[in-house]
Amino acid sequence: MNFASDNWAGATAEVMAALTRCNDGFAPGYGNDALTRRVTERFSEVFEREVEVWFTATGTASNSIGLAALSRPGGIVFCSADAHIHMDEWGATEFQSGGMKLVTAAADDGKIAPESLAALLAKYPTGNRFGTPVAFSLTNATELGTVYTPDEVAALAGQASAAGLAVHVDGARFGNAVAALGTRPADLTWRAGVDLMSFGGTKNGCWAAEAVIVFSPDRVQDLAARRQRAGHTFSKSRFVAAQFEAYLEADNWLRWAGHANAMADRLRQGLRQHPTARLGWESTANEVFAVLPVDSIAAVRAAGGSLYEWDSLAVDAGPGRQLVRLVTSWATTEANVDAFLAAL
Amino acid sequence: MNFASDNWAGATAEVMAALTRCNDGFAPGYGNDALTRRVTERFSEVFEREVEVWFTATGTASNSIGLAALSRPGGIVFCSADAHIHMDEWGATEFQSGGMKLVTAAADDGKIAPESLAALLAKYPTGNRFGTPVAFSLTNATELGTVYTPDEVAALAGQASAAGLAVHVDGARFGNAVAALGTRPADLTWRAGVDLMSFGGTKNGCWAAEAVIVFSPDRVQDLAARRQRAGHTFSKSRFVAAQFEAYLEADNWLRWAGHANAMADRLRQGLRQHPTARLGWESTANEVFAVLPVDSIAAVRAAGGSLYEWDSLAVDAGPGRQLVRLVTSWATTEANVDAFLAAL
Amino acid sequence: MNFASDNWAGATAEVMAALTRCNDGFAPGYGNDALTRRVTERFSEVFEREVEVWFTATGTASNSIGLAALSRPGGIVFCSADAHIHMDEWGATEFQSGGMKLVTAAADDGKIAPESLAALLAKYPTGNRFGTPVAFSLTNATELGTVYTPDEVAALAGQASAAGLAVHVDGARFGNAVAALGTRPADLTWRAGVDLMSFGGTKNGCWAAEAVIVFSPDRVQDLAARRQRAGHTFSKSRFVAAQFEAYLEADNWLRWAGHANAMADRLRQGLRQHPTARLGWESTANEVFAVLPVDSIAAVRAAGGSLYEWDSLAVDAGPGRQLVRLVTSWATTEANVDAFLAAL
Amino acid sequence: MNFASDNWAGATAEVMAALTRCNDGFAPGYGNDALTRRVTERFSEVFEREVEVWFTATGTASNSIGLAALSRPGGIVFCSADAHIHMDEWGATEFQSGGMKLVTAAADDGKIAPESLAALLAKYPTGNRFGTPVAFSLTNATELGTVYTPDEVAALAGQASAAGLAVHVDGARFGNAVAALGTRPADLTWRAGVDLMSFGGTKNGCWAAEAVIVFSPDRVQDLAARRQRAGHTFSKSRFVAAQFEAYLEADNWLRWAGHANAMADRLRQGLRQHPTARLGWESTANEVFAVLPVDSIAAVRAAGGSLYEWDSLAVDAGPGRQLVRLVTSWATTEANVDAFLAAL
């Protein structure tokens, strides 16, 4: 009954097998090995175009180094008020960029509406006296379990791009978004106007497999040097490459993410029908937000279960109740879900 | 015949086994899991005192975040002119610390002499108008394959400490130093006056296992926050913990490092007796510096071997010859060494 | 008819005279001169307690270096959404602090309400996972021409202090606030719980006279070094000291600020009675916000006048009208005001 | 007998007169005033080509912001081991640039020899694994009172430029260099290959008049934004402009610097003939380095004189003697010099 986070799961058998497979003999360090090259090419196939791939240790690293590669003094990044880069990374983007500012738009269900972005762009027009907007960042799947469609991404990216901004996607749960939509990765990114993204494998079956994927190399500056001085250039790069090899092979990543989404669906369905619990809001990917009686939360925890209390201005839980976040993963089983629903 | 670097090897069987072993079920993220706690305690046993352990992704991260935790505006770190933190990390310490300066002492064999440190301390006394010395950093084993003894560390640390400086050790190859000296880890660190260190497992049989070890917690500030915003807080911390578990178990790390050292000894012995090659200087750990005929270098490479050309003001290779660095690892075999010597 | 900003005026005769007076003979550099010491003591008299005084070149420098002296990695500063530090300084605080984040509260009339601060403090409690709140900053007089009373400052400072935050005041127009309230500088600052402030003389009759005033030296770290490396340690410190000497002498600063406020009152009175213009909101200090017909704005400009268009979500100007900011200074005359009102 | 520094003098009568003259009426802030524009054009005349002029508060600000405008992650600036940017600015360049590294060449008399620069360039070739050389910085007149000729600047700049580096001049005492050489400012800068410089007026008769002068605008990035967020954009820009107006008028600056140089010559001549004192080394500009008996130093100080003890590896003062620095300025009189020599 572990629903605290998708990073509580370990690695899939396929990832472990790939790690074992690559652990043979010597290979050049710092990404100059054959496996890293092969996996980079694999990313290009997945995205149906040539891409740059820069492994990092964490999603925070990918986000902050990627955005820093766009940085300018006095620079501004627009994002959602719930964005992981704003709320959960301890100023990583501000730090890596030497002081860029994140300016946020309200986004009740985690998705920035076109009119919210328009309002920000109007407030900070080109040549304004407040700072230089450099990037727009969205998270897909969002921090609130919702998903932007290719059309929605394209609409926002079009606005941002028209204002001269680079478009960044925090894809810590990108697999969940792609699996939920049944879309092509390219359609959800560069074909919709995305310039670079953080591509996360860790939450979806890897140990530590994160990368900055660059679709518009002309937009970014000195990414290799930034990653190096930030301490994110792995010497034994093949151990990341191996994880991604297994991840991307035979659409494993979409199968794993699809499973996590399906478990979340099962959970959502159970909660919708539950007499004392209810959904905080509808979501699509592997994060479920529910309003539960505090007694039920205590009962789940007493039974060894884990979940995460959540705050939201958009939900009034009411007396004796609490909003919680429940996250499923590749490792969540139907039995886990059913046991949780029973324990409520 | 791979002698380019110890990071060309993969992970040991023990490390892979530990990774597999830990990959079971769910565990809290971000270092709150039982295995991370257990390994932290294991470090305290290894060092014979309570220590703080902060995993990071790379040695560069450990060095720069550790030193940044000592940082002050206008701060100065003294180190060797060959120090990895000065020459190989792309300004990581300058960056993570927000602009501290590395001031270097010449160190012909990689080891800073007490009189060199004394000269720096005299040039930058307390209250000087040039900056605030905050730390002295030494590398053990050094970048040139030599090793500081506990007495040598204590002498330098005593000077630095008397001047109010924290003492830092870059221990990317700390295992090689301990194994070469047959000393206790505590004697080479905190008992000799070391306040914090970078403890590296990656070059000695792990995939990516690096940590900042803090002996003097009063010296450092906000290490958790610094690591977090630098993107070095792994969510699935147990994958690092597992590597270190295998590493520290039954003195595996010293056995692996001892093997690497022994292979380097074999190489040194062969080079001393070689008709056309010679040692650049005597070293003790797993890095060997040799002056080779350029034809021999070409022959090694033609045979698929790898090594690294090196520059040093201390060695005049002479015409038709080149100084090279040769690094052995846990994975180097006697046959590798003998084949290399034969290929020269 | 220059109402664009109080920085369009020059220096007062008293300031020029003091500059001339101090320009005699040699004096030690970098603040070690007798005049700088004397003026520092004068500040202590003005504030009725010993204070630290650090001259800087601009208000942006004072704000950002002062706040940086409180900085911690992952640190957060709470301020108003209209705060100069957030909107007008191009990320200076983010930059000087190495990446702290400004988190804003809405403040319709420029003043943060206690409940707004309470909401921020509740969202970021001690030990929260989003960052480390380190300071609360308010501007007095505010960017919108309003003024916090000593009680209002004390209420906010009490909340902030109870949560462990340092309290910072951006006093670019502090003289206008003190003059408007007729209060003692001490009552509006440290007696109300303020730990440090930016004290501005430039907008009120000086050329370039700005200082960080520290009431709680235990709160700040390395201010001297931070100022030095930021390039804000004037070698000929006496030229700033002389300006402040004239400024503080015989309450000149309050007289000049009082005059500016009176001119603003005259302007406000005229606008209240005007047939086609109206006040955007009521203010007290030397900034007046008015809704004017766009034709009137054009007429003022055609007649050589200057003013500043302003955006505010709190004011709906209506068709054919525009919100503007009008700023008076020590140099504004009654004739200037009357001519402006006539030109509308 | 004040020879501690040229920043112990005040401002010239001409500078004070210009300040008074400009203090009339209103003028737009932040450099948009007519006087700032006029002075910018005057700089273009002085340098015989269009230049960008960015006022700052101090030489440290000019140096660090100018170099930061060239910055890249992992970037390296080559300079002399005595360079003010390396020894006296508390890591300002490291800080403003977000972590660039200063790598130094020995320069016994303050001037970097072409072979020293060549050695650095050879150690850090394009594409090296240690960092990205971005700039070469020289100081003229140097920190040791010596002066580079146009040919010497051109030789070094040619080397640097061939290696892709921008060429920067720290011109805190640029007037003294130009006056000593009798050369044209253009010949000593952009015609010799200089891309940007710090142009200092403060030490030579102004209160606070410093500027970054850009000859190669394509080389620098975001200077306006960098200056703004560093708090170096004066609102009442005309007070700096006025100082520079007087400075550049009728070659005042060269007359004042020439006077300082002449006083230094008189001092040097006196010291050469002195029975117990001697010159530390020959210099040309307004800094004189002398080896004095410690008793003489005490006598000078007892008589109210000021000077500065200096350390140099190049000079062995011998027992009972101490190397000192003596600086003359526009305000130094022949009587001052003679009194000093008499007091020895």
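Letters are used for the chains, namely A, B, C and D, taken in the order the chains are written, and counting of residues starts over at 1 for each.
Keep this in mind: a contact is a pair of C-beta atoms (placed from the backbone, for glycine too) under 8 Å apart; a residue touches a chain by one contact, two chains touch by 3 or more.
What you are looking at is a predicted structure, and each value in this text was computed from that prediction instead of being measured.
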Which of these, B-D, A-D or C-D, makes the same contacts as B-C in over half of the contact pairs?
A-D
Between A-D and A-B, the pair joined by more C-beta contacts
A-B
From the mean C-alpha coordinate of subunit A to that of subunit C, what's the distance rounded to whole Å?
41
Can you give the whole-Å distance between the Cα centres of subunit A and subunit B?
34
With centres defined as the mean C-alpha position, give me the subunit A-subunit D separation in Å.
51
Expected list for subunit A, residues touching two or more other chains, is 73-74, 90-92, 95-96, 98-99, 225, 228-229
Name, in rising order, each residue of subunit B that touches subunit C in their complex.
72-74, 98-99, 132, 221-222, 225-226, 228-229
Name, in rising order, each residue of subunit A that touches subunit B in their complex.
2, 4-5, 7-11, 16, 19-20, 22-30, 56-62, 64-65, 89-92, 95-96, 202-203, 207-208, 225, 228-236, 238-239, 306, 331
Considering only the defined contacts, which subunit B positions touch subunit D in the complex?
73-75, 87-88, 90-92, 94-102, 123, 129-131, 311
